[in-house]
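One structure is given below, encoded as structure tokens.
Chain nomenclature is as follows: A, B, C and D, assigned in order of appearance, with residue numbering initiated at 1 for each chain independently.
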Amino acid sequence: MSEKVGVAIVGSTGYGGVELIRLLASHPKAEVTSVISSSSAGELIADGYPHLTEICTDALDGVDPALIKSKADVVFLATPAGVASKLAPAYLEAGLKAIDISGDYRLRSREQYEAWYKKEAAPQEYIDRAVYGLAEIYGDRVRGADFISNPGCYPTATLLGLLPAIKAGYIDPATIIIDAKSGVSGAGRGASLGTHYSELNENFKAYKLNKHQHIPEIEQTLSDIAGHPVVTTFTTHLVPMTRGIMSTMYATVKDGRTTEDFISLYRNFYEGRKFVRVRKAGVWPGTKEVWGSNYCDIGFDVDDRTGRVTIVSVIDNLVKGASGQAIQNLNLMMGWDETLGLHFVPAYP
Amino acid sequence: MSEKVGVAIVGSTGYGGVELIRLLASHPKAEVTSVISSSSAGELIADGYPHLTEICTDALDGVDPALIKSKADVVFLATPAGVASKLAPAYLEAGLKAIDISGDYRLRSREQYEAWYKKEAAPQEYIDRAVYGLAEIYGDRVRGADFISNPGCYPTATLLGLLPAIKAGYIDPATIIIDAKSGVSGAGRGASLGTHYSELNENFKAYKLNKHQHIPEIEQTLSDIAGHPVVTTFTTHLVPMTRGIMSTMYATVKDGRTTEDFISLYRNFYEGRKFVRVRKAGVWPGTKEVWGSNYCDIGFDVDDRTGRVTIVSVIDNLVKGASGQAIQNLNLMMGWDETLGLHFVPAYP
Amino acid sequence: MSEKVGVAIVGSTGYGGVELIRLLASHPKAEVTSVISSSSAGELIADGYPHLTEICTDALDGVDPALIKSKADVVFLATPAGVASKLAPAYLEAGLKAIDISGDYRLRSREQYEAWYKKEAAPQEYIDRAVYGLAEIYGDRVRGADFISNPGCYPTATLLGLLPAIKAGYIDPATIIIDAKSGVSGAGRGASLGTHYSELNENFKAYKLNKHQHIPEIEQTLSDIAGHPVVTTFTTHLVPMTRGIMSTMYATVKDGRTTEDFISLYRNFYEGRKFVRVRKAGVWPGTKEVWGSNYCDIGFDVDDRTGRVTIVSVIDNLVKGASGQAIQNLNLMMGWDETLGLHFVPAYP
Amino acid sequence: MSEKVGVAIVGSTGYGGVELIRLLASHPKAEVTSVISSSSAGELIADGYPHLTEICTDALDGVDPALIKSKADVVFLATPAGVASKLAPAYLEAGLKAIDISGDYRLRSREQYEAWYKKEAAPQEYIDRAVYGLAEIYGDRVRGADFISNPGCYPTATLLGLLPAIKAGYIDPATIIIDAKSGVSGAGRGASLGTHYSELNENFKAYKLNKHQHIPEIEQTLSDIAGHPVVTTFTTHLVPMTRGIMSTMYATVKDGRTTEDFISLYRNFYEGRKFVRVRKAGVWPGTKEVWGSNYCDIGFDVDDRTGRVTIVSVIDNLVKGASGQAIQNLNLMMGWDETLGLHFVPAYP
């Protein structure tokens, strides 16, 4: 009989769900004991995802809390916005620990959520209970918590790239501009003109200018760290590739800080945190350098001519930007080493 | 016997050169009478570019001015940086009109050129003689000129997107930040790790931060239009696609100008100039929407929360960003309608 | 007032329809006078296809024959299977010439159509009336006809690559095996998991083995040319690219024919037909060498060790495989030069 | 001190080398103790491959046998053709076990090697000593051997797809035709026009028709299994993607065998061999379904009309087609479970 902690995945037929299956397959202390889909319960997951043939042979379960509790100790919610707001409370009440990968518990204000997501917000008491699991920043809060709200993909790349500089006063928060780019998998598996191959291949597009629901999430944490309200310009683009996010960030530098100052600051800040890697001067990371792994790689360039710093931060949106960081949070919740089961070397080329 | 104006292309074995051949094939008043390559003289161009089989059956000529003059009235220089600086004067002295697609005559200051290009600058008198052919802005100067310096790909997308707003005082030039992205063909046909398929596919990279040689070119014209020196932050990225450039530009808005104000301003500014298309509010162009054509498409979004405008400008880097604009300049030089032979509908999808 | 022949496009919001618009924009003797969509009548085509902004400013018409007849002399049907079977008869009865780009009139046998297409076949009399417009083979029949059934994309690449060899007895028809590959645009604009970017990017898939509806179309013409029934193995694959088809074809060579024999045979066979280009020995075409153009490029290799020839044939599926060949057929129908308005140089790179 | 077996990688700066580093990073019984490059000795591997930052911090060693022997028990040769033929004998004489991933020891005949590879062959005695490590077929020979010649990428996909049917007499070996397609990473990291992004993106090409050096390797094993000489038609194509090979194979079926017969045969044949997965009828694998993993997935379709079977076999060329199978052979050599350290779930999407 297995000694591993059983985990259930609600939303197993989405990209976040199958990525959890991929990553957890080699976890030394946790194992997937239930794969769950409201729409496809009873079917075999490998019928929809043949890459899981002979790897995940279970039939899909339904979303019932009691059933899940009988099979698992922890539940991941890898569901579209508006689902976890309804399901998570029942899972918590059933005694499960829960990690929500959607945006339903990230914003502390229900009004903000409803304004940006155009959906009904989750109950305030559960929002208040959720710990925002930006692991390298709030890991201490995650340890011992039973309900984690996993950060969004863009906010993860962006905040890990900005927070040390804000905290140390190296940049002026009012001047921050974030130009972000994502691979298409961030849009999920739903078929639409917006995810159609012939429309996106050999194309580079901007979308949702000044309307993306990750804006309030980014600003909430920027403001927390800055100690005062911060509003920011944040633009999202679609890159003709499947995985990867880059946030290119601009801000006015204070006190004449140099590229080397930024590099030193970030290396110190993230010391001991294996998943953030800081590049040396004159080199900036490409998204492929973290493909398939839980790394966030960051590079810098301060321009004396303009007095601005450019910060480049990359992640794999499905790993560090979703399922990988969720497992990192599982590790922290359970009191394990945060890197457990996450030693994936980026797949290059 | 043909009544068409004969044109010669120096650098016919580069991407800019073959794109000139493609575009000029249907020009009603000009025809390619000599394809020229210093390295491959005597060979058939279709041996290196089989897509030109039975279309361009000429052997490649050498770079000799007298030979070219005997075959053509106008010469295009589609050569790497540092070549036209040496060749163009002799062509002009031989009585040819010349259009240089490289960067060798774009910067008025030889010191600037040598600092950014790390090559010896062209003779000052020829730099002074060259007209900067940003057609929608300086078309009047191009008419009747005999030597045109064709703008760079990034500067074309960027300047067409910024200049009307600067001229009208809608934005503060000191706040401009330009986040630019290009397909790989901009790097030319030379084989290197930087153009290697497996390194670039499914990858998104930033490069040459604050060091790109298009920075002084952009600033030179921004300053001219602003009427005072402008320095700017300009970042370049490589997109896993072949053609297309997007410049996403940020600036602080003055006097409460709205998205609709920008749209009206630009529509008026570019009235009668067929190759600039302004999108309506809430829509921004993707690079594929101009693929293979001479269009520059522009969209806007003013954010009340931040007081900034985001401007999105796209071109095909090989057409409007190089060979297409060069033909537009040929048309202007010759006193023809600027759109002659350039009615290419974007190839979509 | 225009002297051009007016053409209407039914199915203007599909990829075949917008490609007709792109190609016809520079046609010297025909012009699009009505763009038609049953589902989007009244809307502006540029709202769904922003690349047509300021190029095609017409509102979409409905499918009514009298309306079309009032605006046009010729109608193209660029509709999904099962639509032209119902619409085309009324257009013909209204006095329009018609070119059907779908498969509805390609198979002479209604039973065959219904078995492979799983839809009700068109009326037999209209099937009988339709001329199969494989232009380089049946151009003489197309001249003067009023109803053309335009060949499928795979059949075009395949048949142009095989027919001369069969006709000349260079290969044994019983041994033909066709391994075909297509870009994704062949699947149309409909959103589905099968056209989803993240599912197809960095993926190569086989589909519809031995079930593709182009099999009977290929066999019908192979049999006609061979003079006896031919069955063949035909496999289709999806390539992670937008445009392009390659058919790699295998057959046992008769009478010791060599690579050079095949090259000579095909060059003679297609002499004077501008859109077929035969490569020299040791070189085979890639799909990009015909991208955006109406060419079909063909290469050969006879292997003495096995006694088989490998024939490689490429086209742009949206041009020679659909809209381009349809215009070629329009030219032939109207008694014009078949190349009119089709001198597109492939867009490379 | 580590109890793991030390392994050295010669050719660490190639794609095969870095893939060995990725895969071995999580191996429970082996660890990389020396990374070796003749051209870059002394440099840090992460300088050329930033994705290995903080993962592989060693400086590159030179190719000296004594040095390697002092650090490792087993050496992998992930070198271009013509290198292992010279290096491997010295490594073996130094007492190292060796696994050659190149083609230098695959062909039993030196004449064949020199005819197809155009290089001097390895010494005959070492060729004779090398065991051809097609693990699922010759695993018994690999156990206990000290020198393995790892199969080529195309031969692996092809032979695993054909051998059971030949052995069981289900197909006629004389009729086999193999149409193979590969991602670009198979061409290695060397920069050339043939690996240039803009030349390959949105392009599908055939290459080396009837001349590929994997032909004699495939025929050697086909002949061994058939019990008589087999010659075969084998075509290679380049797909615009980084990883993945598909072999689509055709043969005439004997004795009326059906699709289900093939499926049963292969399931029985590969029973207990975890890395071969057989698809059910009506479904065929895509390359992405094995991306990043050591699987070879196979599907079938028998066509009654033609009496032929189509067999579709896919692998990741860098894993099962190179470094993954090499580790599988390491496991077999060492007497370990062949799946050790190779439980990678395909990365999808």
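Basically, a residue touches a chain if its C-beta (ideal position, glycine included) is under 8 Å from a C-beta of that chain, and two chains touch if they have at least 3 such contacts.
This structure is a prediction, so every number in the text was calculated from the model and none was measured.
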For chain C, the least number of touch steps when starting out from chain B: 1
Pair joined by the larger number of C-beta contacts - A-D, B-D: A-D
Centroid comparison with chain B (C-alpha atoms), farthest chain: D
Chain centre separation in whole Å, for chain D relative to chain B (CA means): 46
Separation of mean Cα positions, chain D and chain C [Å, integer]: 39
Centre-to-centre distance between chain D and chain A (centres being mean Cα positions), rounded to whole Å: 35
Per-residue multi-chain contacts in chain C, two or more chains: 15, 183, 185, 189, 198-199, 201-202, 240-243, 286, 288, 291, 349
Chain B - residues contacting chain D, complex: 15, 183-185, 187, 189, 191-193, 195-202, 240-242
In the complex, chain A residues that touch chain B: 177, 179, 181, 183, 198-199, 201-207, 209-210, 231-233, 235, 237, 239-244, 246, 248, 250, 284, 286-288, 291, 299, 301, 303, 305-306, 308, 310, 312, 314, 349
Chain D residues touching chain A - in the complex, by the definition given at the top: 15, 18, 21-22, 25-26, 49-55, 185, 189, 201-202, 242-243, 274, 277, 279, 283, 285-286, 288-293, 297, 343, 345-349
